[in-house]
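In this document, chain identifiers A, B, C, D and E correspond to the written order of the chains, with residue numbering beginning at 1 in each.
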Amino acid sequence: MQAYLDQLIQGGAFAGMPREVVYAIGMLLAAFIVLSAFVAPLAGVTSWLERRVWARMQSRVGPNRVGPQGILQWLADGIKNLLKEDIIPTAADKKLFSLAPYIVFMGFLCAFVVIPFGGHLIVADLNIGILYILAVTSLVVVGILMAGWASNNKWSLLGGMRSAAQIISYEIPAGVSVLMIVFLAGTLSMQGIIKGQGWAPWDWYLFHNPFTFAGFFLYFTAALAEGNRTPFDIPEAESELVAGYVTEYSGMRFLFFFFAEWGNLYVIGAVATTLFLGGWQVPPLAIFENSPMLLAVAQFVTFFLKAYLWVFVAMWIRATLPRVRVDQLMSLCWKYMVPLSFICLLGTVAFMFVPADGQRITSAAMFGLGVAITIIFFLRVGFQIRQAKPELYFKPHI
Amino acid sequence: MNGAQVGFFILAGLLIVSSLWVVFQRNVVHSAMALVAALFLVAILFLTLNAPMVGVLQILVYAGAIMVLFLFVIMFLNPIGLEQRRRLWWGFGALAGLLLAGALVPVLTNGDAPRDPVVATELFGGPEELARSLFTDFVLPFEIASILLLVAIVGAVVLAKREP
Amino acid sequence: MLFDFANVLVFTALGLGFVGVNLLIGRLLRPANPQARKLSTYECGEPSTGSAWVNFNIRFYLVALIFIIFEVEIAFIFPVATVFRGLIESGEGLLAFVKIFIFVGILFLGLVYSWVKGDLEWIKKVKT
Amino acid sequence: MVPLDYYLILSAIIFAIGVVGVLIRRNLIIVLMSIELMLNAVNLTFIAFANSLGSMDGQVIVFFVMAVAAAEAVIGLAIVISVFRHRQSLDPQEMQLLKW
Amino acid sequence: MNETAQDQDTGFHTEDMTISVGPQHPSTHGVLRFVVKTDGEVISEAIPDVGYLHRSIEKIGEKVTWHGYVPYTDRADYLAAMFANQVFCMAAEKLAGTPVTRRGEFCRVIACELNRLASHLISVGTFGQDIGAMTPFVHALRERETINNLMEEICGARLTYNYIRIGGVGYDILPETCTRISEFLDHFEPIVDEFNRLLTGNKIFIERLAGIAVVSKEDALQYNLVGPNLRGAGIKWDIRRDIPYSVYPELEFEIPVGTGHIGALGDSFDRYWVRIRELQESCKIVRQCLKMLPKGPAISKVARKFKPAAGECYVRVEAPRGDMGFYVISDGSEYPYRVRIRTGSYTAMSIIDKLSKGIMLADLIVLIGSLDVDAPEIDR
């Protein structure tokens, strides 16, 4: 982006303006576009889509009134929450109570600085990109703990504690899985990691070796836990803790927590795509050669679809699984995932000594395995769908 | 005074205010939150000093990990309202602080480091440079650090052992 | 590089500003009708018994202690990871691998220790 | 460019604030937090010097300081809990016994 | 030093937190309250506090006629209204010596077992939801909706039926309704398998249930658990079989008991599993009844001014939540002299405190769900 702005300045587009001002305006504009044209609609549509997908899986209809197929439901929800009375309990610590949504939202939004949208579409390709994502997402813990404690409500406190314990614990397997890829890529920059892979699935780090293959699932599981998603949604387990750390929140403040949660789903998908699934890499077709615009669109679509696939998977998981208990959650992390992730890390590092030919054969074999697993999975899903009986009287329309 | 200096003074002012909050807040949780803010600001200062890697690790390790532990322990012990304040101590402390600051400033600013920074290369402060240093000059401390951390775990486990 | 990080600052500011502006707009639009009942703490419809700010038994604070150590460990390995490929190419890979292995191995002992000591159990098995 | 001295003066001030915190507060947790503040002031000095000397050593040292700070926080807080367990107090003045 | 030594014995005590779970809590199954003392998340005490849903159903019985009281019994446990209808009518019939027509008996059994299906579906569905599985809940309610449609066809009501009357049933079951019921059973039996695939076989679900809140055989008897809770503890006791009433002796069905094949005998999973298998058994019973349904009137002639002879009786049936008993005293007048209802959920409340010691807050929810307590039935 800096290069582009420099070009404009050189071209005399902003005559008489100091360079810093141009930069600041450019950055603000970029951030604003990302927030209002991508993040906000994305989080909103994700919330709607989750309800729709969920409803279909449960043979219900789901929100379908506002806009075509109810796609504008999120706007209606937003306006509703905007008009809701903002209640801060008298017993609460008012300062921290009102500060918490800011921190949670800020931590979530900052991740979008380094999330690539395409080959050149990225706000800032930091040379420490992936580490930066780990750092800002860890800030969310502080916000959640703050919300839980400041509410002065027992359910909130329990929820905040659970959430903090869970997020910090799962940060280890997530961090180590990321580390695996950093070893392979030799860079922390998001674009650098993507460039280290190819468009073809067998060039993805996912299929690089058995350890990264396992690492992907470790990462995805840990990310679900960090995002407080089912089956790890114990911090806001509505059947146990009423609403967990957001029990006392209402209106807009409440909304921001969930804004962050739904938006965070995309961050999970995007990071997984960047690290393991080849990011925005598209096949080097002839039509892309002479049309950079088309290339950018293709890259954007590729990346978005790959990332959103995992958002969908997260929804699917949420509709399917019950939730685990706190101690089960913690022992899953510390007794299984942490040791496993370290084994995978050392395995990946050791694998780097394998000569290039061997690596290529392994990738091909892993790709075959991945295809086989996918086929088996879909056969299984098909079996379940065929077994599922149609409704007798009750037919959900649409 | 140019833009960079204005930025620095804003950051420095915020940092001093939040540091004062850490020390003078009555509520421990507020203190901890002020410390989070202070650490965050220090991380930003690191960035302005061409140390992005250290800055991000500062957030990751300090704000994301150490402060969470602090918050846990605060909520564990709930020490609100436990503390007794003594006015005498306050006067003494403030005096000591002023004296120390007065003594430190000349010592620090009298060093013979070049006042104008060496122009940094593109890679300076990046992970690669850091790793090169870590693997060449600081191998032994690197390994010893792991032993230090191991000792810390063992110590914590031993200390926390006597749970009811 | 500073330009890149300035973006982060802008995002931070925008994030804070977005929340702030929305809350401000909300303040103008939403009703404000506080009542003592409404502002009381929610405890499933009963008047709450005491404050939530008690000495809360966080059983996993030990887990938090261990977490910090591992977080620092990860922080140490991250820079190393970026140069590892180069080290392999220059033939120093094995030595570096051994160094990393020792580093990770020593810390792993810590996890094993606390595991053996039973500190990874959330609750000691309750007899039923 | 911001001169080196500015950073050094800033870190001196922060360090002094940390020292004041250690001296006047009668709450072990805040004392520990003040120590973290002091460590950060030192880190800032290191980074500032590293920048002006053009050497990575300062940054690497900060790395180790972080490791030490983490270890310090872990052990320090474990001790705080241990003390609280026996004395129901966080006042450092209560810590007069070498053994109990 | 003495003082510190003493400290060492007691160790570091965190304060117990007193939390009120309910009345407005998502998973207390109605307005039910538990005053829970927790140490962190581990419960040290959970005292049930009942009475939020008290509607004086027993007292009302003294003020309305015998016929007029039947609709009120619906409300005693609105998830299983048919059973309260039946047990009250049985009591009245026993006091007055009124015969019940044979077709009426079969209609009663069909309606009751369909109601049992509906009630158990709610029970296992909400149980899944308590543990965080939303989809099984909606699937269960979807099936229950079909049962409600059938009920509507049978008696015109979906929840509070007022179907069983003194001397028989209010409306005969029409032949086309019979076809629809058997169609539904054809559809429903595989659904149970699907439900098992979706929820029962789930590893997380099993982990959450197995070995939690184990009720020993002795405790089950001591604390007077009834119904699936008792059978879950491995005791084969079912009023339908052991104190037979209506036409149950003519029907063939199994009585599922807890086996402890996952976790311990009498744990939450066993109680849940008994309910699931009772779904299948109820299907079997309804099928048999549909086949055996005799011709004839659905209700015998009963005087409009129903005045049973003075006397008292205690009648019990096997409701979805176990032994439901009505103790009715008649003084020979148009109104019952005294009605007393004994329900399974109320007795189950007593064991909650014992079972909840040392389990976690999340397990308390499992415990409440697995006992299938139902606030209207507790408070009446």
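Heads up, the rule we're going with is that contacts are C-beta pairs under 8 Å (C-beta built on N, C-alpha and C of every residue); 3 or more make two chains touch, one makes a residue touch a chain.
Note that the structure is a prediction, hence the values are computed from the model and not measured.
Steps from chain A to chain B, minimised over paths through touching chains, total 1. Among the other chains, the CA centroid farthest from that of chain D is the one of E.
In terms of the distance between Cα centroids, chain B is separated most widely from E. Averaged Cα coordinates give chain A a centre that lies 35 Å from the centre of chain D.
One inter-chain figure worth recording: chain A and chain C are separated by 16 Å, centre to centre, where each centre is the mean of the chain's CA atoms.
If you average the CA atoms of chain C and of chain D, the two centres end up 21 Å from each other. For the pair chain D and chain E, the distance between mean C-alpha positions equals 62 Å. Counting partner chains per residue, chain A has residues 126-127, 131-132, 149, 154-155, 157, 161, 168, 171, 188, 242, 326-327 touching two or more of them. Shared contact sites, meaning residues of chain C that touch two or more other chains, fall at 1, 5, 43-44, 48, 52-58, 61, 64-69, 71-72, 75-76, 78, 81-83, 104, 111, 123.
Counting only residues that touch two or more partner chains, chain E has 8, 11-14, 17, 19, 25, 41, 360. The touching residues of chain C, when paired with chain D in their complex, are 61, 65, 68-69, 71-72, 75-76. Of all residues in chain A, only 54, 57-60, 154-155, 158, 230-231, 233-234, 237-242, 318-328, 384, 387-389, 391-394 touch chain E in the complex they form. Residues 44, 47-48, 50, 52-53, 57, 60-61, 64-66, 68-69, 72-73, 75-78, 80, 122, 127-128, 130-132, 134-135, 139, 142-143, 145-147, 149-150, 152-154, 156-157, 160-161 of chain B touch chain C in their complex.
Considering their complex, residues 1-2, 23-24, 27-28, 30-32, 35, 82-92, 101-102, 105-106, 108-110, 112-113, 123-127, 131-132, 149, 151-157, 161, 165, 168-169, 171-172, 175-176, 179, 182-184, 186-188, 242, 247-248, 251-253, 256, 326-327, 330-331, 334-335, 338-339, 342, 345-346, 349-350, 352-353 of chain A touch chain C. Interface residues of chain D, counted against chain B in their complex, comprise 1-21, 23-27, 29-30, 32-34, 36-37, 40, 43-45, 47-54, 56-57, 59-60, 62-64, 66-71, 73-75, 77-82, 84-85, 89-91.
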